[in-house]
Amino acid sequence: MVTILKSTIECNDTRLGKSFDIFIQVMIVLSLVSFSVETLPNISDELRTYLYRFEVFSVSIFTFEYIARIISADDKKKFIFSFFGIVDLFAILPFYLSTGLDLRTLRTFRLLRLVRILKLARYSAAAKRFHRAFIIAKEELALFLFAALIILYLAGVGIYYFEFPAQPEVFSSVFHSLWWAVATLTTVGYGDIYPITVGGKIFTFFILILGLGVVSIPAGMVASALSKAREMEDD
Amino acid sequence: MVTILKSTIECNDTRLGKSFDIFIQVMIVLSLVSFSVETLPNISDELRTYLYRFEVFSVSIFTFEYIARIISADDKKKFIFSFFGIVDLFAILPFYLSTGLDLRTLRTFRLLRLVRILKLARYSAAAKRFHRAFIIAKEELALFLFAALIILYLAGVGIYYFEFPAQPEVFSSVFHSLWWAVATLTTVGYGDIYPITVGGKIFTFFILILGLGVVSIPAGMVASALSKAREMEDD
Amino acid sequence: MVTILKSTIECNDTRLGKSFDIFIQVMIVLSLVSFSVETLPNISDELRTYLYRFEVFSVSIFTFEYIARIISADDKKKFIFSFFGIVDLFAILPFYLSTGLDLRTLRTFRLLRLVRILKLARYSAAAKRFHRAFIIAKEELALFLFAALIILYLAGVGIYYFEFPAQPEVFSSVFHSLWWAVATLTTVGYGDIYPITVGGKIFTFFILILGLGVVSIPAGMVASALSKAREMEDD
Amino acid sequence: MVTILKSTIECNDTRLGKSFDIFIQVMIVLSLVSFSVETLPNISDELRTYLYRFEVFSVSIFTFEYIARIISADDKKKFIFSFFGIVDLFAILPFYLSTGLDLRTLRTFRLLRLVRILKLARYSAAAKRFHRAFIIAKEELALFLFAALIILYLAGVGIYYFEFPAQPEVFSSVFHSLWWAVATLTTVGYGDIYPITVGGKIFTFFILILGLGVVSIPAGMVASALSKAREMEDD
């Protein structure tokens, strides 16, 4: 019995194991969709009932899976306190604890279960290549992240001095200005906060010339590290 | 007769074949322009008449082309049910079916006919190189698309918890928040929806640092796969 | 006399030639600044007088240069009708023709004179490398530009069908929708036009996934072609 | 005594030296946080008192460090007038000079002290690689910066002629239009200024096709120069 459970749950090689894996992943995706639908403002009582029933069903499945994984684990204690053991517990716990409190937040832990999908990719060539690419570019990425943080802070403080006198309500502190720096240097530019003084605009120009590179170079770096990793593989 | 038709329509090598191809492509582009002009809100009746006359003319041409292609095809049935056969039919059908219904939508199928232009490029070195580059980077692209979808969902759910209490009208469900996630992680940032709470802004900062790479690395990946493909060619 | 003129104007190797070149370039930049200042809405009469005087001075210099270049040219006719000959004439002509008409527009031709600066870079290694990189990536760039135009049109037509019924004032024609497509696929996202329907938002998501790559891959392509060109140089 | 000071302050190899370095860096970050908090609009008097006390404490530490560095320097004069010597002085001077004037601006000089952190990275492989990558791509970067400036100016002047007649309040001069050019070509797109005329929109389309590359190619260039630098290292 335990052997069958084990081969179903832990092996991805057998047909039954693969089917079970795919079923659980579909259930995860469906329960995330159901959770998202529940947040819609004007849903009918009928739909809400259906969603609740699906919730009961999916939690039953996840509870069964959780217990099955404990039974089939060689070292039960180790599984319970492992990353995936805790994730699996947190995905069902809120349902059983729902004592009037709004525990829907905890249900988002189910999202972490999506990480299981990555397990399938664990042994794929692409994932290995990525891992190698990150190791190749690790130091440069850290350097750039650090440089990006310094430039963000510099941009925030700089614009504060230019814009605070003109827009005390918008650029009301260095922290508000940092929000501007984030939205600007990532080029999102919502338009909720922007410089209106001549000095602030010229400052924005210079900080963008400096900062755009810092923000966009890392992506190119990972891409070229990847092609490097691919070459290493070919050798 | 059929032989002449065949050499005109199917060969791009002969002078007549090339001229016919260019003529059809110009007609496709013109009929798309005419279709776009028709959507303008305040066009005069005179212009509308001209557009209708051009419509009749272009559909005649496309009908002639469609029939000619059927005649010149070796396997007529195969052509009719092939991708290009169906596209060609859909490009003329709406005109003949227009029985008061607004079938202008179907006219956009004409756009698919633009794909024919790609036929000319089919044997070019650049298109081959692209094909090879996509094969090289296929696995990584799939991995990144998957990662991008997970990050988008995470971003949507996360911002929902931060912003819903503050802006229940704007971030009214996880789906509304997903729209924010799309506009933000692609750095479009229309400004119709953005975080106003401190928590939401800090969350945006972290999700952008994580997400920008995931969205922009694939472009760099294709570019370096392309240069790899070019190298393979040179060997 | 002509020999001195010639060596001053045409040679960048002699000290006098270099000084003259730099002086003319500084004059071009200054006259562009002066032109820009003149467009400011509330400038004093005094400043306007100074700007006019500078205008007279700079046009005198450019006229002198133009005549000197004609004199020192071996084939006078060839110079007058060459690209730079026409640019130089257009840079001074508006001043002499100003008969009440607003010819300030023509003064922007002076901008073309900035191209002269590129002359200095003509023989530099970097410019040569660029030229080679563009030749390497030429075909792919053309393919991408074509793909970008098709995606832009597709995006425009698509969003028109989704958004026209909901926002007839904003997405009032395919052309208005094309403006949305340009602002969105380049990720500028001004916020003057954006989808509000669920269908339009989902369509935007898919078109962005497709389109972002098409718009951002060419930049990566040129960059890797450049590094390829550098390698070729080293060999 | 001086020897102990010296080994503490100047060496990063000894345990004491490393601890001192980390302590100073933590103090710099904390004093920047405290400075940012001080700019918040509604902070209580109590918090203000705590911030002032921390200010006194941090300035004492920085003063002690400054004096210690002078004492331990072999060439005292050289240190005082060195870049870091001046930065260290400017970080404490405002506190002692605060005679009613708002010298908080000068406190931002403390930011420059963050540069010290880079000292630690000075001998790291990543930093060296960057330096080499910048040397490799120096000429191209200069060429692109120059091209970017010309395109920005062209975009500004062009849009001015298209939009000034329609929006004289928004595109009121070439300088206002340059702000539009900066926000558009970097794809930030705040939405405070955008074309509304048909001509202006078409112009924006063409300038974006031209300009996006000029702005985003340099990032890819640095990335590929970096991978080149890494290869050189391996040889």
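Chains: A, B, C and D, in written order; residue numbering restarts at 1 for each.
Note that in this section contacts are C-beta pairs under 8 Å (C-beta built on N, C-alpha and C of every residue); 3 or more make two chains touch, one makes a residue touch a chain.
Since the model is a prediction, treat every value here as computed from it, not as a measurement.
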**Q.** B-D or A-D, whichever has more C-beta pairs in contact
**A.** A-D
Q: For the copies chain B and chain C, give the interface type as same if over half of its residue numbers appear on both sides, and as different if under half do.
A: different
(Q) If I superpose chain C onto chain D using their CA atoms, what angle of rotation comes out, to the nearest 5 degrees? (A) 90
Q. Using CA atom averages as chain centres, what separation in Å is found between chain A and chain D?
A. 29
Q. Centre to centre, by mean C-alpha position, how many angstrom separate chain B and chain D?
A. 41
Q.
I need the residues of chain D touching at least two other chains; which ones are they?
A. 175, 187-191, 216, 219-220, 223-224, 227
Q) Once bound in the complex, which stretches of chain A touch chain B? A) 32, 35-36, 39-41, 105, 108, 111, 114, 117, 121, 124-127, 129-130, 145, 148, 175, 179, 182-183, 186-192, 215-216, 218-220, 222-224, 226-227, 230
**Q.** Residue ranges of chain A in contact with chain D within the complex
**A.** 136, 139-140, 142-143, 146, 150, 153-154, 157, 160-161, 164, 168, 172-175, 178, 184, 187-191, 194, 196, 198, 201, 204-205, 208-209, 212-213, 216-217, 219-221, 223-225, 227-228
Q. For chain C, which residues are in contact with chain A within the complex?
A. 187, 189-191, 220, 223
